[in-house]
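What follows is a pair of complexes built around chain A, which joins chain B in one and chain C in the other.
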Partner chain A sequence: MELISQISFGLFNGAVWGSVLALLSSGLNVVFGLMGTVNVAHGSFYMIGAFTSLVVFKGLGTFWPSLAISPLVVGLLAVLVGAIIRPVRGKTLVAVMITFGAMLTLQGSALIIWGSRPRRLPLPFMESFSVFGSGYSYYRLLVAAISGLVLLSLWFLLRRSSLGVLLRATRADSQLSQSIGIPVQKVNLIGFGLGGSLAGLSGSLMAPLVSLTPDMGLRIFATVFLIVILGGLGRIWRAALVAFVFAATRSLTTAFLDPTKGLILTFSIAILAILFESGTGE
Partner chain B sequence: MRWSSRALKWKVIAFSVLSAYLAVLPIFAGRFQLVLFTEILIWGTYALSFDLVFGYAGLLSFGQSIFFGIGGYSILYGLKLGFGPALSLTFVFLVACIAGLVIGAAIVRAKGSRFFLITLVGSILFYILATDNSWLTGGTDGMVVPGKFLGLERYYYLVLGITLVLVGLVWLLVNSPIGLGLKLIRDNRERARLLGYSVKKFRILAFSIGAGIAGLAGGLYGYTTGFVSAGFFHWTKSADAVVWTVLGGTGTVVGPFLGAALLTFVKNTVSALTGKFYTATIGLLLIATITLFPDGITGILQRLLEKIRGSADE
Partner chain C sequence: MNNWDRDRHTRRSFLKGLLGTGIGLLTGSFSLQASAASPITVGLQVELTGGLSTYGHWHLKSARAAAKKINSEGGIAGRKVKLVHEDTETDPATGSRKMRRLVLKRGADVVLGSQHSGVCLASIPVSRRFSVPYFPIGEATQITGNRGHKYVFRTNYSVEAHAQSGYSWVMENLGTNWSVIYANYAMGQSALKEWSSRLQVAGGNLVQSIAVPQGTDDFGPYLQKVDSDESDLLFIILYGPDALGCVRRAEEMGLNNELEIFGNTGSVEALGVDFPGAEGLWSVTNYPRRLEEIPDKLKSFNREFRERVGLKSDGSGPGGSIVDASHFWVPWENLHLIKMAIESSGWREKKDHPRLIKQLEGISLEGSLEHPQGEKYIRQMDHQGFHAQYIQRVEDGTLRIKKRLAPASGEYEPHSSL
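Here is the complex of A and B:
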């Protein structure tokens, strides 16, 4: 009974955590597909999203509006970073360094504003249900549901809307797109904003479940990047799938592995994965 | 050709004047300035290691802190094992070089931003490993380097001597056929390969020498401050190397020193910058330099010089 409880708990956690990771990795992939650049600041966007929730909670006394405000705030930040990168598009290393500068700036600003002491947000509602004897909060289920819905909407946006056509055309061949009159620059900025708001939403959703520190984004970035690499850079749906498998494996093994060792393992696999994947693009 | 030899002459004169100034500095400098200059020289050397790897070999390495840390612990254990300082520093350079050779051989096949990401994740990994294995590293509390305090001036001259030798060697290297090969690979990998250059071997070589220099900087820092901790491996140290080099001027020997000197000086005099404002400041500075002055301080200086020379010729 103990084992069944532990395993089902692990699978539940894996599904919730996996859906958030899928959301994060899709954001990273959208930007990579468009700009050909890995956005190193993606983890910091997640962190800013989480802290925006904290601010909203402190200011308004309720958590819920932040699910709309965080994506908006972070989306605008991402558009700003995208605008700075625009002139150096094509020079991958220079663009990477700029997103790295953005990461330092965002993380440093968070340190100035909120300090390095871990912050916590209370759960928006306390009700929980029982899974083989262990309590499981409804909020986690809600996180998975919202992430799933947003992922589905993203699929519709990219596959079925006219904006999706523009995004995919620009991504496939930006010069050709430009020559047939697609406002490539604008589409790129929209894509960057979209990627950022996905990270902002993820951060906001996770805010009541984790402790908030300025460097929370850097740690998660390595994980998300590992997932994106394993799924194939730029391949949104495969990465989402990998996110679930990864999270399920991770939460099933955390019971048997201490967190630091787990982190070391994740990072080592990430390095090997980047080294041996030979995907498309730079 | 005439212009370039004249430029070379100016460079040699400027370098000699600066070296002479640094050599007599302890006569009139106070304790604070002596410590500051020692620190600047070490950080400049450390940034130079990044510049060699990125500015000349085109590898955007975020892993210099790995070798800085390895250098720091090599001097600690070298001295603990009873080797003298000179032997220990040689040991530091060799250990870091070999570490660079092994890591470099494994990862130089990764291109562009992938190389950056491997080294980024790697530097975080090394930091976690260093804090996690405190029996070896002393964790974030650190360990005291054995040996008694020999006086600030001695440390200063030791660091200055090693720095000048390294600067000279790096300058010779980047202007040698090997350096030209590196620059060719950086600018056009395909052409270099078609001309028969082994891209991989050149890059491993540059990465390994860069690792050795970063290690030596870490060793000198540990030796002169008498203290080594897991913080030597912290990824912000890697960020420092990137920012100093970009600010000073990428792909120049003097640039990393200018960048390191400026930021270390500002950091030590503007007390607001030492604390929590530091990360945000260097982030903004990095973005601003890349977008507004991609050639850094040396680029600005060079343009100024050309302007002066142009008006003098008229």
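Here is the complex of A and C:
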């Protein structure tokens, strides 16, 4: 019985965490799809989103407005980074280095503004329910629901809206797009802002659940990057699926193995999946 | 060569010798004067970025305040103190490199060491190689155990001293069946070993030990493993964001209603405790966060010490930052200890280090402005310091001291004889 409850808790908890990882990885994916570069500052955007929630909470005394304000703030920040990258579009390594610089700048700025002391935000509501004998906050369910809803909206935006058509056209062939009058530069910036907004929203959603530190984005970036690589750069739904599988695997291995072995197993599965994917890709 | 020639040659040699001696005496005198006037360079190896930067921030303040006080009072043996610092980035490889830099490039005569045990262990060979007195703060037992040497002095507690001092109180007051959740690296593993071995020898039961990687965001799967039916106590060996995350998730999962929760020295360091999940949390510390909790005989010293460092009576500093109460006093005290040892040993330069070391071995110190944490002594055999520590609890959003444990309570068998 205890075994069943541990497995069930692991799967349930993995699904909730997977939803946030999927949301965060979708932002990274959108930017890569458009700009062809890995935005190393994506984790820092997540961190800024979380700290924006802290500022909003301290200023207004409530958490909820930050779910709108954080994506807006981080989205604008991302547009700025996108504008800096624009002249070097196509020079992948240079663009990555610029985003790396942006990451260090944002992390350093957060350290100056908020210090290195871990910060916390209270849960927006304290009510919880029992999941196989352990208390579980309703807020976590809300986070999963919002993440799922936003992912669905993103899919509609990219597949069914005129903006989505422009974004996809630009990604497919920017020169041809420009020649038929699509404002490619503008579309790219919108895409960068969209990716940043998704990171900002992820940070805001997670702010009441994690300890807020300037390096929190760096910690999660490695996981998100791996998810995007496994899911396929630019392929949002596959990355979302990988995020769920990854989170559930980690949650389950944690329940039965020590963390080192659990991490080795999780990453071994990931490496095997990459090798398998590469093999089938050829 | 006739006698005259020989005599003349002798006179010339004599005159040359006289001249040489004169020049020698003059330059020697100048050299001695320069030595007396030149500053004593104290290196500070400090975590200003990375996981332990909340500690480093206060260590730098504490060392700077001590240097300022000493210089305003005429320096050490009439020489100014020049404090130079390097950021270890909370990384052992970087920390070791910065230790070399302090010694070789920045001319440190002595080095006040890091809070990070890994950095300390990586820097000890540098201290040995260049024969530089080193005062690490990291708590790993090996620093004054099998890895220590003649030039290493740790004036604050080790993990083993904490366990030795606190385990029987915890068993008597919080329970004998422990579930331990610990950081899966040197400090956490060392603390688990020291506390749990004493628990078991004393007839207690280690129900389970759960390792957690550093930087964990999701404590749910780890805490779900805690057997609350069999355990009286959840013992947390974590620090900073991990400790905060663990305590909050334990509350969400309802564990704080089922078990007592006790944290090691790092568990509430630099953290605010005015949130529901922290209520009732027990922990051990080297120094009370709030001035009013300081023993009466030390209160006036600590009032001035805190003013000089920039710490308010509630344990907060500028911008609402919260002090790492367990360790921030160490650089202040160590710099004053070095001053006392230099002045009483007649130390002038690096070749006099053996005299300085002899002066420090086995020394006892009384509580004073220079040693605000209180009385302590440094054991001659392994250069390990022993001082009081405190058991505290969060009540109504405030840390309250519940028990003071005397310096000798932490004494354990030395692992080396230097």
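By our rule, the second predicted complex is superposed on the first by the 255 of 282 C-alpha atoms of A that agree within 3 Å, B and C clash if a C-alpha of one lies under 4 Å from a C-alpha of the other, contacts with A are read in each partner's own complex, and residues count from 1 in each chain.
Everything that follows uses one rule, which is that contacts are C-beta pairs under 8 Å (C-beta built on N, C-alpha and C of every residue); 3 or more make two chains touch, one makes a residue touch a chain.
Predicted model, so just to flag it, every value in this text is computed and none were measured.
If we overlay the two complexes on their shared chain A, which of chain B and chain C does A:Arg120 touch? Say first, second, both or neither.
Touch partner of A:Arg120: chain C, not chain B.
Touch check for A:Ser204: first (chain B), second (chain C), both, or neither?
Neither partner.
For A:Thr260 in the superposed arrangement: first (chain B), second (chain C), both or neither?
both
For A:Thr92, is the partner it touches chain B (first), chain C (second), both, or none of the two (neither)?
After superposing on A, A:Thr92 lies in contact with chain B but is clear of chain C.
I'd like to know which partner A:Ser128 touches here: chain B for first, chain C for second, both or neither.
A:Ser128 contacts chain C only, not chain B.
Could you look at A:Phe100 and tell me whether it touches chain B, chain C, both or neither (first, second, both, neither)?
first
Which partner does A:Asn39 contact after superposing on A: first (chain B), second (chain C), both, neither?
neither
Answer with first, second, both or neither: which of chain B and chain C does A:Ser174 touch in the superposed model?
neither
Go through the superposed model and pick first if A:Leu111 touches only chain B, second if only chain C, both, or neither.
A:Leu111: touches chain B and chain C.
In the superposed arrangement, what residues of chain A touch both chain B and chain C?
After superposing on chain A, chain A residues 111, 115, 219, 260, 263 contact both chain B and chain C.
Touching residues of chain A toward chain C in the complex: what are they?
By the definition above, chain A touches chain C via 6, 9-10, 13, 17, 111, 115-118, 120, 122-123, 126, 128, 134-137, 206, 209-211, 213, 215-216, 219-220, 250-251, 254-255, 258-260, 263.
What residues of chain B sit close enough to touch chain A in their complex?
By the definition above, chain B touches chain A via 58, 60, 106-107, 109-114, 116-118, 120-122, 124-125, 128-129, 132, 235, 239, 242, 246, 276-287, 290-291, 294.
Please output the residues of chain C touching chain A within their complex, sorted ascending.
Going through chain C, the ones touching chain A are 49-51, 53-54, 57, 184, 211-213, 215, 217-218, 220-225, 240-242, 244-245, 248, 252-254, 270-272, 275-276, 319, 321-322.
Which bits of chain A are touching chain B when the two form their complex?
Against chain B, the touching part of chain A is residues 37-38, 40, 84, 87-88, 92-94, 96-98, 100-109, 111-112, 115, 218-219, 222, 225, 260-261, 263-264, 267-268, 270-271, 274-275, 282.
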